[in-house]
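In the two assemblies presented below, chain A is common to both, partnered first by chain B and then by chain C.
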Partner chain A sequence: MRIDTTHRPWLIASLVILGISAAMYMPYAMTTPGGPKGGSFLGLVFGIVGYAFMLFAGLLGARKKVPIWRIGRAKTWMRGHLWLGLLSLPMILFHGGFAWRGPLTAVLMALLFIVVISGLVGAVLQHYLPRLMTQRVPLETIYEEIPHVREQLREEADNLVTSVFGALDGANADVDTMVAVVPLVEIEQEEKEHFRELYIGTMRPFFANPEAPGAELREPQRSAEIFASLRRMLPSSIHTVITDLESICEEERQLNRQARMYRWLHGWLLVHVPLSIVLLVLGGVHAVMALRY
Partner chain B sequence: MSGALIDLVIDGTPVSVPPGTTIFDAARITGIPIPTLCHQQNEVPVGVCRVCLVDAGGRVLSAACVRPAENGMKVSTNSDKVLNARHTLVELLMADHPSPCARQQQSGDCELETLARDEGIKQSRYAKRLSPRGQDNSSFVIAVDHEACILCDRCIRGCDEIKHNDVLARRGKGYQTGIAFDNNLPMGNSSCVSCGECMISCPTGALTNKNIVQTVIPGGEQVQVDDLLKLPYFEEISGTFLELNQNAVVTRHFKKGDIICREGEYGSTAFYIAEGRAQVFLSTPMAHVKTEGGAKGFFSRLTSILTGTPKHAADGVDAKRMIRIDAPVDLDFANPTAELGPGDLFGEMTCMSLYPRSATVRASTDCVMYEMLRNVLDIIQRNKTMRAKLDANYRKRALDDHLRTVPIFSSLNEDFIDELRNNVELVRFSKGDSICRQGEIADSFYLVRIGFVKVAEEHPGGELVLAYLGRGEYFGEMGLLSPGGRRTASCTALDHVELVRIQAEDFRHMMERFPEIRENLLQVAAEREEQNRMRLNRATSVPLDRFLDQGLMEAQSLLILDLDKCTRCDNCVKACADSHDGVTRLIREGLRFEHYLVPTSCRQCRDPLCMVGCPVGSIRRRNSLEIYIEDWCIGCGLCAKNCPYGNINMHPFTVNEPDPAAPGRQMAVVKQKATSCDLCMEHEEPSCVYACPHDAAHRVDPLKFFNLKPAVPGRQ
Partner chain C sequence: MPRRTRTTKNLAQRITRDYFKRVFPIAQWRRLLTIIFTVAGLSWLAWHAMAGNPAVYSSGPIKSSHAVFGQNCAACHSSKNTFSAKVTDQSCQSCHDGPVHQAQQVYTPDCATCHVEHSGQTSLARVNDVGCTECHSDLKTKSGKLRVAAKINSFGSGHPEFAAVRPGQHDMGSVKFNHQVHLKKDLRGPRGSNVQMQCTDCHQPQGVTRSLPYGQTEVTDQPGNAQVSTSPHISTRSYMAPVNFNEHCSGCHPLGFDRRFKDAVPHKKPEVVREAVFKKFTEYIAMHPGEIHTVNLDQRIPRRPPLPPPSNAAEWVSQMMGEAEQLLWWKTCKECHRLIYVAGMKVPQVPKAAINARWMKDARFDHQAHRLVNCESCHAKTRSSKDAADILLPGIETCQQCHRPGDSNAAEARCFECHDYHDWSKEKPVNGTLGIHQLISSRATHQ
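Let's turn to the complex of A and B:
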């Protein structure tokens, strides 16, 4: 989600709540003997409000499970999640008087920091990465479809090569033999061998595992050099095939980029979501224990 | 005229003939052959080809076919002068003749080419005609090659004098002279009844039979022409034509329970029931497309409560609606079954326009049917006598049902329908025919019986399509109800169309007698006018080139994803699936426009090509912009094929059907139904947009969203 001018009302509301809370907290903190405590009236108010904000933020996950329930637009929930979730941190700090106290509260406080920071990291990533992905991955596909698209690209490359150079000696057992007929153009045996070696040794491993570290074709610069040398070596009549292969490599690189960015876009949730659940559960335990005992 | 014979000498042979006999006939009686092209014994001679020139002793040579014999006349048919003149004439005719012509190729008996061969003409010394006259392939039965026409007028005389159809005449001047059907219409669109007389009369390949001898209707028994001509349904058809197309109609015997055709299948034939009865029904379940997953029980009920809609919002909509099929009956939505009997014809749309079969037909008793290809059906429908019979049959049996299934006419009473029965007219139009033009005096109201009609308004920037109307829909009321009484739009037949025409006078009479119908029609007319006005405003607010660009501007409601905001979480797709019983109508892939993605989701086009051809009319608009696929979709896939943007998906599902191999047992059969975005019309906002947490998904009017400048100053 982009944090843009449409967030202004939420920002203002959050600042107002924060300002009022701070205005209430400061005289209370300065005048209370022994410092502010969570069990005091105001401390409890801050604790309840902070936990309520956390609960609301946590309910976003549940809201997403029932996307067609007409209980408010998902974007409103998301904004509430962002701003109220962020506000829960100062509320809880006001609640605890900026102290970590016992082991449970210390754990809760640590969890809260991690959850809020991971959320902020996520918000930053989701603010910038979508635009970057749009710019840098013009051939974007659906993330779950990437393996299938790669399979198709691999087949397409094999078919292109066999249509010009003939069968790939076991390297293309699954190639569509309909196009692997007689080579279209006469190519010197030595050049043919060189190309075949390059295709089997460099391109196919890249197509088979495009994200493997060290693959020469992962680097655009190196890829351009390889294809430029191929163009110099091979007759111009098959340069269109070389260009197609280069395009396939470029698409593979874009898919790499997309997968990487997608993982960044959603990877932080692996930290944020489970810890949020733990935080909410332990927060509930803390509330019950504190109020009962 | 006295009865005394006339004596003359032809090539030295004395001949006596009655007065008024032509030289040609006198020579024929004597056994002296005179070649001719334009003359036939059963037609009035016109002497236009001049090939029958003879020397009758005058200053110039005479055309034997028109020159009457005179007493004492000495005629030479083979003098050098005559032979030279004939040779030159044939050579001149051959100069323009595409040799070998279609007839020469088909049967080797082109009279002109035979004559040229006899004259020893292999190549003409004269230059060809510079401007081509072209071909006309619009008829299903007869191919017209104007290039091969020698203007002998035999076809014209055959049509007018022998058959009295008066369809053919001459057109143009000079090199452009040719034969014309009606007011120079393509033959298929003219009032030609396809009797074949012109084709039989033609001496060259200008009018030839479209030979379909190679076409075989599988499973049928060939019928002898004589037997066929004894049947009431075929008795009026030209025997020559049937002989030329023996494989175009076959007899089919079906046993009780046999399936005659299945819904969704493609075919090219129509069936005429001669004996027995058949049941016509839809075997595809009347249901929403859904997957096995999704919320059930408590959550399903809770979802219904929270979304404010029943589980299947559309179940109750139009429950009384009739399903239009390609048969003389419509099917009731609640019980989509009907019976056909002797004299019924079904499969006309499949046969004439190659649409998929709209319903499954099963023999209820042992049946005998005639299965025919469209050239035969076309001829039957064009034949005046047969047309009158079919019209009478329609008036007697189907008009009542047809009128009553149109909601606004449901209140008509028996008396009035009986009155209408004698006044309505069934009219037919071929593909591309203009039914009425904008600005014309409105003289009729039309109900669509078969086919699809395009309704469009003419504007300086081009035409604006307002609607496609299929079986059961109607038009023409706006012109009749408007104060000026003029057509407000042009209507064109998109394929083979049959309309029920109610004349303006009868229409007005109906309005007077049934004020509630008038009220309903006025309301419909006002709604249509408002919709048309809105469409026009949108269409004229952008330049035409951008309007057409990528088809985006064709959209009335475009789903776009702002890729700068979209985190690719797919909540939109999940929401769509959850809203539609687990089957998503949205695929997050498609065109990119700037930083917007236009995913694969229905655009609710202004010109909804997907609606054209639906054999059961299940894809339609419900008085609003959204295109809705009704539950009676039979899964033929034509709409998906027609959608230029690939936004209609065919969703497979499994149903249990009786196993034909093992009676009493059920077998799983995979069927499919079309699915398309319905804009979640039961809600204010589509679920995909509502469920997007990142404010990336929007349903927009593309013109407003992309802030396009008005093309017509002052219009917004």
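Let's turn to the complex of A and C:
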């Protein structure tokens, strides 16, 4: 989600809420004997408001689970999640008087900080990475389908190679048995052997595991050098095939980039979501027990 | 030769139609971690619940003075068949009496309003100023009459000058004393030596057993002076012991009454002094009957008409008594005391010394805590004071040089530093209700 000018009303509303809360908190903190406490009237108000904001932020998950619910637009929910979730931190700090000395309260504050900070990291990533992905991964596909697409790319490359060089020993069984769709081009045996070695030794392992560290074709520069040497070595009649193979390698690299960016885009959720749930559950327990004691 | 084609159809065919039905690693891990963390959090609470230890819900560490029953929450958080187990004043008062502050106060807070437990290791008595200024910033009383300033916000704001040093105040003690003279150089000291007196030669905290250079070496308790406060927060060494003749003055100011005797008269009431002098002379003349006809007037007494020679021992004693009393009542005692002559009385009356051991009755001061500072830094007027009526206490500005409110690099300046909220003179004894086993039972369970 891009944080653009459409967020301005939320930003203003959040600043107003924060300003009002701070204006209420300061005289309360300065004039309360014994200092601000979560159990005082205003402390409870801040606690309830903070927890309500957290609950609302948590409901985004439920809203996503049931996208057909017609309760507000997804964008509105997301903005509410972002801004009210962020506001929950100062509200809870006001609630506890900036102190968290008990075991459960210390855990809750640590969780809240982690959740808010991970959320902010996520918001920044969600702001910048999609645009970066559009620029750097023009051949973007659905992330979950990447393995499936890769399988097809592998198949496509094998077909291209088979169409020119015939069945390649050492390639997978499908390729070996594949029938060439076009007449084979006359190529010197030595060059053919060299290409075969390169395809089986370098390209196919790259197609099989494009993210493997050390794969030469992962590097665009190295890839360009390899394909340039192939062009010098092989007759110009099959340069179109070399270009296609090069484009498959490029697509594989883009899928690599997409996978990496996707992990950044969604990896922070592995921290944010589970800890948010724990925070809500333990926060509920804290509310009940604090009212008792 | 085949070429790569990237038509929309081609691209669409790459995607399986049911891909969204499958659960992929990141979502799988998210679910798994959510379950693991939630179960871990609840297990942590359940583990404490099963151990019967609700300390996990504590809002912070308790004070060291309460640590012995720190795990036994019910010692303070008693619940009477209701959900709430909040600490009540009764819980506090089962161990501590908290006498009322002022009978005229219009608001009495709960104990926990000012004494906030579970907030670290600082003393519970170190309450924030707002606990005091909540009322004292705009003081109201039931009667409408005010005994103290109406608007005090802190030691630095609105606090009036100390009552003792306000204009027109005098030391009401009856003993005459000149600090300027006593602090002169080369003052004649005991045994004819010249001395330079120091403040500590006469002013020592109570209970200090140090030999005093200008008095008897043994320190004797002065009944009535030892107890300067009923507050449990005041150390016995906080205040200077009142100066007394035997310990501080007798070395330089012996109470001689006749050259025949090395002994001085006791520093007691005039009746006792007179009796002691009479006894001395009676015993002396009984042992030296030949001196009845010897006239030996004391040269310290101003010249006056000679008396006829005594004819017997009784007359001799009477004359000597007259001489001695003249010396004592008109010179020796008068040096320090204002004597009152009442018609028909044989001896003058000596008003009580009324040496004030504690000037600021509504506040505390600890000389021990200030021993780093030399005496004259605070008692600056001492060296020039000629009259015992001068009040030599420092004013509030002197204290404010170090005790600056809100300055973390300054000495403590909150109200509790000098003032007690509770009127400890009204303290009632508390009879404990818990046995040792009850007190520590919970702790034993958890060890």
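Keep in mind that, in the parts below, the second predicted complex is superposed on the first by the 285 of 293 C-alpha atoms of A that agree within 3 Å, B and C clash if a C-alpha of one lies under 4 Å from a C-alpha of the other, contacts with A are read in each partner's own complex, and residues count from 1 in each chain.
As a working rule, a contact is a pair of C-beta atoms (placed from the backbone, for glycine too) under 8 Å apart; a residue touches a chain by one contact, two chains touch by 3 or more.
The structure presented is a predicted model; accordingly, all values stated were derived computationally and were not measured.
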Overlay on chain A: chain C relative to chain B, clash or fit: fit
Contacts of A:H266 with chain B and chain C, given as first, second, both or neither: both
Touched partner set for A:I142, first chain B, second chain C, both or neither: both
Chain B or chain C, by number of chain A residues touched: C
Geometry of the superposed three-chain model: angle at chain A (Cα centres of chain B and chain C, steps of 10 degrees): 150
Touched partner set for A:L282, first chain B, second chain C, both or neither: second
Chain B versus chain C as contact partner of A:I71, first or second or both or neither: first
Partner chain(s) touched by A:T6 [first = chain B, second = chain C, both, neither]: first
Touched partner set for A:E190, first chain B, second chain C, both or neither: neither
Shortest CA-CA distance between chain B and chain C [superposed frame, angstrom]: 6
Touching both chain B and chain C, residues of chain A: 141-143, 266
Touch list for chain B against partner chain A, complex: 303, 306-308, 563-571, 574-575, 578-579, 587-589, 592, 595, 683, 685, 687, 690-696
Chain A partner contacts - residues on chain C that touch it in the complex: 1-4, 11, 14-16, 19-20, 22, 24, 26, 29-30, 33-34, 36-38, 40-42, 45, 54-61, 73, 77, 79, 83-86, 109, 112-116, 118-120, 127-128, 130-131, 134
Contacting residues of chain A [partner chain C, same complex]: 30-35, 37-39, 99, 101-105, 107, 141-145, 148-149, 152, 156, 159-160, 163-164, 181-182, 185, 237-238, 240-241, 244, 247-248, 263, 266-267, 269-270, 273-275, 277-278, 281-282, 285-286, 289-293
Of chain A, residues touching chain B in the complex: 1-2, 6, 60, 64, 66-71, 73-75, 77-78, 126, 129-131, 133-134, 138, 141-143, 262, 265-266
